Amino acid sequence: MKALVYHGPGKMAWEEKPKPIIKEPTDAVVKILKTTICGTDLHIMKGDVPAVTDGRIIGHEGIGVIEEVGDAVTSFKKGDRVIISCITSCGKCEYCKKAMYSHCLDGGWILGNLIDGTQAEYVRIPHADNSMYPIPTGADEEAMVMLSDILPTGFECGVLNGKVKPGDTIAIVGAGPIGMAVLLTSQFYSPAAIIMIDQDDNRLAVAKSFGATHTINSMNENAVEKVMELTENKGVDTAIEAVGVAPTFELCESLVCAGGHIANIGVHGKSVTLHLETLWSKNVTITTRLVDASTTPMLFKTVQAKKIDAKKLITHRFKLDQIVEAYATFGNAAKEKALKVLLTA
Amino acid sequence: MKALVYHGPGKMAWEEKPKPIIKEPTDAVVKILKTTICGTDLHIMKGDVPAVTDGRIIGHEGIGVIEEVGDAVTSFKKGDRVIISCITSCGKCEYCKKAMYSHCLDGGWILGNLIDGTQAEYVRIPHADNSMYPIPTGADEEAMVMLSDILPTGFECGVLNGKVKPGDTIAIVGAGPIGMAVLLTSQFYSPAAIIMIDQDDNRLAVAKSFGATHTINSMNENAVEKVMELTENKGVDTAIEAVGVAPTFELCESLVCAGGHIANIGVHGKSVTLHLETLWSKNVTITTRLVDASTTPMLFKTVQAKKIDAKKLITHRFKLDQIVEAYATFGNAAKEKALKVLLTA
Amino acid sequence: MKALVYHGPGKMAWEEKPKPIIKEPTDAVVKILKTTICGTDLHIMKGDVPAVTDGRIIGHEGIGVIEEVGDAVTSFKKGDRVIISCITSCGKCEYCKKAMYSHCLDGGWILGNLIDGTQAEYVRIPHADNSMYPIPTGADEEAMVMLSDILPTGFECGVLNGKVKPGDTIAIVGAGPIGMAVLLTSQFYSPAAIIMIDQDDNRLAVAKSFGATHTINSMNENAVEKVMELTENKGVDTAIEAVGVAPTFELCESLVCAGGHIANIGVHGKSVTLHLETLWSKNVTITTRLVDASTTPMLFKTVQAKKIDAKKLITHRFKLDQIVEAYATFGNAAKEKALKVLLTA
Amino acid sequence: MKALVYHGPGKMAWEEKPKPIIKEPTDAVVKILKTTICGTDLHIMKGDVPAVTDGRIIGHEGIGVIEEVGDAVTSFKKGDRVIISCITSCGKCEYCKKAMYSHCLDGGWILGNLIDGTQAEYVRIPHADNSMYPIPTGADEEAMVMLSDILPTGFECGVLNGKVKPGDTIAIVGAGPIGMAVLLTSQFYSPAAIIMIDQDDNRLAVAKSFGATHTINSMNENAVEKVMELTENKGVDTAIEAVGVAPTFELCESLVCAGGHIANIGVHGKSVTLHLETLWSKNVTITTRLVDASTTPMLFKTVQAKKIDAKKLITHRFKLDQIVEAYATFGNAAKEKALKVLLTA
């Protein structure tokens, strides 16, 4: 089969690889129908994720059709269409029993990382019963791809951890794909105001069309002053970090109100400064989280009920064998005005 | 009347001051029966709390007997014995309605800070109905003093925010009075292991006698290694910071398990380094809180039911007019083996 | 002044009464601008609420302008426009400290019940600071009236107690004003399906236009069978009782799924049969609640942010002195197709 | 092998049965070391559980040593000592993903009910990885047997569902084994008062020795009056039903305070009367639950940490082949002063 293979920093190729086979009785082999590229994949390609080694097939999102299942798989059979979760869950370790699948002792984020992933014609999915979801007849396949990673990530790490409530004022720092997923899923809880902060006017305009009530271009405006002006100097109930660098996290520290929440989503490569000299008495809660994808069934219901238009996140479409070109587009997201790029086999 | 008056860094005196009078219809004037000294008072005396100015009467803890009440006070009358809360609550602002009394728009921590306090023969208590609690006949007055501040602080900022649960393993960093209050009140939730970390062997020995299951002298041992050894390399469910400096907070960051909690209690004068490069994916929750003293009624019931022996925290007793001497003892707590010093009028 | 006075079962009159005056320093006297009639007022008029005696001015909803305040009132002054809460809160008893204002030891539901109410030109509001909310310039006065009682009742007793979540399937039994308030406020949490059950096709049609995804006329259809058909025989996540009689509560018992919630809102005059022989093992939660009106500030923000169109509930408008006529209309709600009737001074 | 076999109402025998074998790759066969008898087993023996048919081996509690595991079992191997959970969990259905194992689509309470159980020399355990827990070296085997069912049942259905908190006043209605398990596990949360209500003075005396602060023999005293006297006429924060008949549930309705909880544990054969005419406005929460045994790992830690002395519940000990005699003792529990009877192979 063909697959996108990582060959060290800056090197990738759409090349021939052996088709995966069942290794454990709980495995499934899935023929990929659609997949997409995550910001993390770009980090991998730059060499930022040392666990990923030469020869690895990248990708942890997608939908497909079951090609074969192991003897112990009971929920799926050949021919079933499935959503592949970015997080693999054994269903039986102490973390899985707490629905903290990200820390599964025999899973977690392994696809396209520690084992071969979904940017390929076929993929082996371990612990298939707990790591995939069925796609019913009539469901929109493009929307289903958004359930692999981006919607659960925005919702769990940003919205749920940030405890967004009706009537709240929230700030989302970073209008990339993840920030946009937060923007869409935060609206499940009817906040009164959603302030999107970014440095790209195009993305801010998109955010406005996706439901942001206010946008701030932090290149042109003092974001803290502007937010304080909008909130009667109280700050926001929830500040959500969707970038992954120190300045944006520290901006969240400055934006949060007394009693408020800071929800970190960004993947940070360096430490940040926590201003406990002001925060110690502000009764704030700060959370971190690697997505567990435990809310996929809930999010699936909201997509099916048209409470969210998940396809909005898709800006570009390619054939699967054009994936190298798709990486170029996604890697140049600001200029290309790209959020999610969809690849169809 | 006589009162302990702050006269700038390092200067205090037990001197004559006018007896307080009712200013607002919601005020009460209380004759102090017993009071105590808080670590914060030491900071004030050093000049670390600029809001406290020359001439201020210090102190925010104590019990007393009502001398006079304003026209709008309905819960208390002359002669009633009361616990004075360290936090003043108006009962009607948006924060008080959320039980976040620490941020009361007309209260919060003002006693012995923005208005005269309790280390005096008499004190005026604003918003009396919401800022004091009745002492029933037969209650132990010494234990009641511990309900003004130290027990709610340890319980709310450490135990509740830290979400201590039955069977948990927790670490308390700092075996001073606040750390000891955490130690006592955490046992309401039956954690399996309580690891006390400090640099003073005497305090660690006391902690052991108060219920710590393990103690670590971080001068002599590598606390992180020891905790990892005790927890099968997982870390603790909850790490509670009860000191207020960067190294102890950062120690908590190293001790917490995936999915765990860091509860900050310490009053920090400087920022700390938050290691998001490791914590971003650990699903941790970090909280800060200035005590709201909203749990005083709950804690009162546990004291009355002998679920906690609050008096254990008292190591030294003085007459109220010996308060300057009491400060000397408390200010030299390690050598004096002091936790709380009690002052009786 | 003029007021609607109860004179025993079936007897009411719009007649002259003395204008109220300040009795306690925490009182306010409010000139009524707009008020409305509650289903409970109809019960009072039938003689079903024995606490209400001859001569009582009825009504517990409305907005007005402050005429006078007592000495201890600090949040309001003459001329301020205010929302009057149906629940009076002293702000200092043990229940108010838990935000359970319905059980306030010196308040609760007393307006138009134990003391004179709002269907009058003026009303005295005890504990004014804790029992009213300011109306900002530009706010829609008609929408504000819905914040006195009906929106908090539907939201707190139905939606919050019923723990409605994104993606859920819920059933609302009773499409009267309260059921409609549940319907509107449940959408704050983005349930996937909202099934409205009633016996009046007109009300069901209105429910559909308000966002119900399915409607069932339980006169014509077997509601249990229909709900099971819609839910793959699982039942609904939350069943909300908004009528107040045994058959509708027992219907909720039949509709709820394993692990689900039954939230009672109805005012019941008689006991009901609880089928523990089937429910004991279904892991269900049943709640009751007299509205606390503790969420009025949150709901106010959602109204201001246009997350809800509260005015939709108003079907009829009268002048305040036409109130007897308004009662006739509201008392014949099904025929008159009435939800809330608005009275303007 | 030998096993206790049900042969219709009133008929049981310790007789020869085929030794169980692995049927599914997720199965284990376990050699029983210790087991016990549940109140439910007595109901089965009376013919009250129609799902149990002639020839069924009874029993759903116990510990053992692994004899053999299926190919897909990864957590256990031959020779491991294990706690058998009374609830079988597949780990992958929608209910297991919510930790609501009682409603597992391929499990739940099936042992000694729909499939052969643990009162035998050997038992087959389906979904072994998710339905058993390892016993470490040095653990007390007798205490471990209490983790199969009785401790999780009392804790989950009574204590957790009843939301017992420090300082609370709770009532437990029924001082049988389950009521005693509630009594022991409620103390994890340090309630101020625990009122045990029963009709057997011996059991009440045992309850006192297990930590009840008050006992009421409802044959001799009016339980409602006594509880109101003890609670200043407020009622209890939590009333826990541990019998399973209408009068005891209705007693709980009379005992609960405004804002309080009723937690049902009892297995009810008939409906009860729910007094909504008084409860509708009391802001109460009523819960039902079939034990999920999801807290077994937490309870295990509390047992190991000696936070609870689980063995206290064992009053009688027999050899496994004396099980018919053990049933006679347990079936006559009041006279025999029996709580749990332990059977050792």
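Letters A, B, C and D mark the chains in the order given here, with residues in each chain numbered from 1 onward.
As a working rule, a residue touches a chain if its C-beta (ideal position, glycine included) is under 8 Å from a C-beta of that chain, and two chains touch if they have at least 3 such contacts.
Small disclaimer: the values here were computed from a predicted structure and weren't measured.
Taking C-D and B-D together, the chain pair joined by more C-beta contacts is C-D. Over half of the residue-numbered contact pairs of A-B are shared by just one pair in A-C, C-D or B-C, which is C-D.
Inter-chain spacing, taken between the CA centroids of chain B and chain D, is 41 Å.
Remark: chain A and chain D have CA centroids separated by 42 Å (rounded to whole angstrom).
Chain contacts: chain D has residues 297 touching two or more partner chains.
Those residues of chain C that touch chain A in the complex are listed here as 165-168, 187-190, 192-193, 213, 297-302, 304-305, 307.
Of all the residues in chain D, the ones that touch chain C in their complex are 95, 98, 100, 102-103, 244, 249, 258-259, 264, 266-277, 279-290, 292. Across the complex, chain A is touched by residues 25-26, 71-72, 74-75, 90-92, 94, 96-97, 99, 106, 129-130, 294, 297 of chain D.
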